[in-house]
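One chain, subunit A, links the two complexes that follow: it is found with subunit B in the first and with subunit C in the second.
Our next item is the complex of A and B:
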């Protein structure tokens, strides 16, 4: 990789397998990426491409059985996480790596107050007394701009709005100053205006605390707004990785190109119909021998159908395609 | 777990109480149960019902100012005995309800959280074995094994009644453990002990509470039957013992003992059942949260 600095998180050739009635399925297969300190990495793809599985496997939360990590390595600050005993993982979760979930409605416990849920984490990881933990929790709520936090902290989740709950989730996830925050579709369940606020909050806090973020989403708009780099996943594999501006300006992989074209644009009035990518995601149990995207790709040829392209890195951009789009400025072979 | 909890909890409880208050049958039945409870408390404090074992009248005296509901076959006051039996009933009901609910909640939560593992298998097997033994046979065996120990009946009831609660809690926990908030609790590194007993089990509270009221009634009814069979109360009097006495009296045409005990039992069980129903409606989380 040409980016400077030691990565905070280094994922290499990660594969996660789920056993099903029809045999084992590789939900992700050979996923590799780095996250630098203070960086926000977007993980984009459609439903079922393995985005969430990637995030969960970093936290060691793949439901097992049926799931298991079938290979590869996940290193956090040089420490191997694959095969780490559950006991050690528990000290890591919340303290070093934290996670925000999609549904703020169900991710907070309905019968416990916000105070209880927040202080539990702090008392466990920071060894605080209940009183100290409460003070810290109020500070965190203030940080995510919850009005009169010293009162709202004693609320039950059902007394809060969706956006507020998601902000509580963010506050809780960041309360122990983790180095890495995994956000699994953090704004999907919110309405658009709240989405923007919550996202802004996340970016602001991330800059302030220097946390690295892995942002899993299917929403390219969210990626454009808040990420430095992005990884595009398709059917359990990474097809392209690039800095966000580059990804949006010059998509190399035909899938990325298709994704970008299928975003509605208000400015362009001429398009009679929104372009879509024909076909659908292949069944992970019956993968084609070649490129997984070949059946839907306008560029696919015989080679694509027989041989699987590897992720190749050139000028800070990695693409897994035999016929990537070429742009000026980067000397490609 | 102690301070300002009362103010924190008000919202949920206030809503449940508000709903409960609008249920007229619920309120009336609660009143009846409360009345019984006061009677039982008075006996326990020694305020009344203390003359239950005294022989202070002729055999089978008719109801009158001396003996409001007459006397039994050896001249004991039936009203006194029925009043004292209220305490016996509450004692059995409360002890069995509280302990079997705790036991059922504990094992149910464990089995549910570790479903499909050996922990679950073991608990399910234990419940299956206990459920397979006929109840009265089990109590008789225990009473015999414990040789006159006055709590043999309680132990037998707790040992058999917790399984229903455990099964209900197990099912609910299996559902709850896949909720996102449990995954979130795991994602912030909470230990399993906290996740099971602090984050999941409180969500089954409505089941535990309603199940406790059902067990309470079940225990009182079983006590009557067991006492009638001579397997129950040995160190006092109960409605079951009164009914057992009355088998000879009924043949002789004296019904007071039998009717008194039956009516005392009937009104308590009836009121408690209706109270449990109203409570269930009021605590339904879907309706409370709205």
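Our next item is the complex of A and C:
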């Protein structure tokens, strides 16, 4: 099975570099993936793997200096975004691409009411009058199930709870019908019961509005429940990309395999020991010459320590590994 | 055998001040009548969402927050009744591990200095034996002698947490409170540290109060689990039983809300309405009734009793009008 259709977002060989006291460091290096219309792509990995940097670079939000896009291309509906002047980006953000962050309090302006913040966006991008914009904003708040939205819209962000603020962020992000929504750990700061509500909301709206979503998260449970496909990142590179059912059932890359095993999950029987991945993530400034995961990998051999494996695509599944797990159902090329 | 730790009707209320003269305008009942037993060498997992009072409870047990009422007995000693000097002496038996070891390790001290300090303060051993002890502890937590003269910033999060654990062990405590001790760690490292804690409990016979918002982590590490909501325990049970047969509607909702890392798993999720009420203005009756899918008229009026529904070595207790 292959995915058909023109991708909405096409990222190719993307590299982002930051200058640090100890020299330049590549936060991501050679990242490539597609997002189809209406698709939710999970970008998953542990801290420092480059998943947030990937999302920020799509929005042109890499702080520069110290950061810069050092190579590659990001095309949204065929239009190149790398090198786009800030003026054009500003027109794009909120209208065609919008973003939800982990902590809505940092993304919402604390001195403006929700109404002001939501109507500003609508007036600017959709050319609505203030009255039209307010009506639309209330509709959006209703859609994310904020109780009595016509009253709550005049609240300041601090008057709302964390879960409510995150819903406002979602409403705001979707108010201009963007084609692409970038969500960076949107539920990480929330409690489980609130997280369940907000995730459900996001999936429902995504299906209703047909928005494509890039969901950045460290939580494989969130990926399993809300994404169609997922990209697994490790130390600045994609190590595996697959449809979620395939990824969870047949992880090809030893890192994906280890990650899936070591998530604490509720089990029928308690295990005597949790499976672990030995060691820790390498320092991006002192990367090993070969595969970045080799040091922690139970399959690593001399070749892995000398040569870096490329991401290879076979029947809709991409893996960067010399010794991937093999499963039936995928013809070897 | 008597339990190592007995907590009885423990309460911690914080005054809320407001107005021009900063007068006390109300009380925040962060912990409001909590009782449980922790047998020797076992782990009590305490779960709940943010603001439920689980961290305050951990601190009140250690008297890092002075309790408002109730009693804490550690090995027969009433911790709540001790005066200052006696409390300091008792402190060596009870330690705490924090979520962010970076914030709890002094950035200007080497690992050696950090680990020697508690023994120096309590005047234990000789300089040689202390140093030996430090090396032994590092070995236990999986670090080598090369770390002795390094500073906290030179370590990764997982390594820093190992150092935090080693420090908690310097005085051979009987009881450790681990407050979200693995929550800031990435999964691959989190499981390493969890295994380490489980091993310490087994090999050194230390009892843990393991506080976490993550029910899966708690299941793995605990012998019994307590679920907290708005300053009270709503259910406690042996771990297997709590996960197999949760009784309180809140426990059920919590368990069903966890995202499951399996795309084929179809959830029968109990979505709770609304959010946790403010602990400043807890609802009357059962504190959970505003969100409970099974709330009855009585729940709005009366606080349910804290009653055992199954006796045994570790009883299964629930505070709910359904039982």
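The working rule: the second predicted complex is superposed on the first by the 328 of 333 C-alpha atoms of A that agree within 3 Å, B and C clash if a C-alpha of one lies under 4 Å from a C-alpha of the other, contacts with A are read in each partner's own complex, and residues count from 1 in each chain.
The criterion applied here is as follows: a residue touches a chain if its C-beta (ideal position, glycine included) is under 8 Å from a C-beta of that chain, and two chains touch if they have at least 3 such contacts.
Owing to the predicted nature of the structure, the values given are computational and were not obtained by experimental measurement.
Undergrad: Identify the partner contact of A:127: answer first if only subunit B is touched, second if only subunit C is, both if each is, neither if none is.
TA: neither
Undergrad: Could you tell me if A:78 is touching subunit B, subunit C, both of them or neither one (first, second, both, neither)?
TA: Neither partner.
Undergrad: Answer with first, second, both or neither: which of subunit B and subunit C does A:224 touch in the superposed model?
TA: second
Undergrad: Taking the superposition on A as described, I'd like to know which of subunit B and subunit C A:197 touches: first, second, both or neither.
TA: A:197: touches subunit C, not subunit B.
Undergrad: Given the superposition on chain A, which partner contacts more residues in subunit A: subunit B or subunit C?
TA: Counting contacted residues of subunit A, the larger count belongs to C.
Undergrad: So, A:154: does it touch subunit B (first), subunit C (second), both, or neither?
TA: After superposing on A, A:154 lies in contact with subunit B but is clear of subunit C.
Undergrad: Determine, under the contact definition given at the top, whether A:260 touches first (subunit B), second (subunit C), both, or neither.
TA: In the superposition, A:260 contacts subunit C only.
Undergrad: Would you mind listing the overlap between the subunit B footprint and the subunit C footprint on subunit A?
TA: none
Undergrad: Taking the complex as given, what residues does subunit C use to touch subunit A?
TA: Residues in contact with subunit A: 49-50, 156, 158-159, 186-192, 194-195, 198, 213-217, 219-220, 239-240, 243, 253-265, 267, 269, 271-272, 275-276.
Undergrad: Sort out for me which residues of subunit B touch subunit A in the complex.
TA: Against subunit A, subunit B makes touches at 4, 7-8, 11-12, 179-181, 183-191, 194, 198-199, 202-203, 205, 285, 289.
Undergrad: Where on subunit A is subunit C touching in the complex?
TA: The touching residues are 46-47, 161, 163-164, 191-197, 199-200, 218-225, 244-245, 248-249, 258-260, 262-267, 270-271, 273-278, 280-281.
Undergrad: Spell out the part of subunit A that touches subunit B in their complex, as residue ranges.
TA: Residues 59, 61, 89-95, 98-99, 101-103, 106-113, 115, 120-121, 124-125, 154, 156, 158-159, 169, 172-173 of subunit A touch subunit B in their complex.
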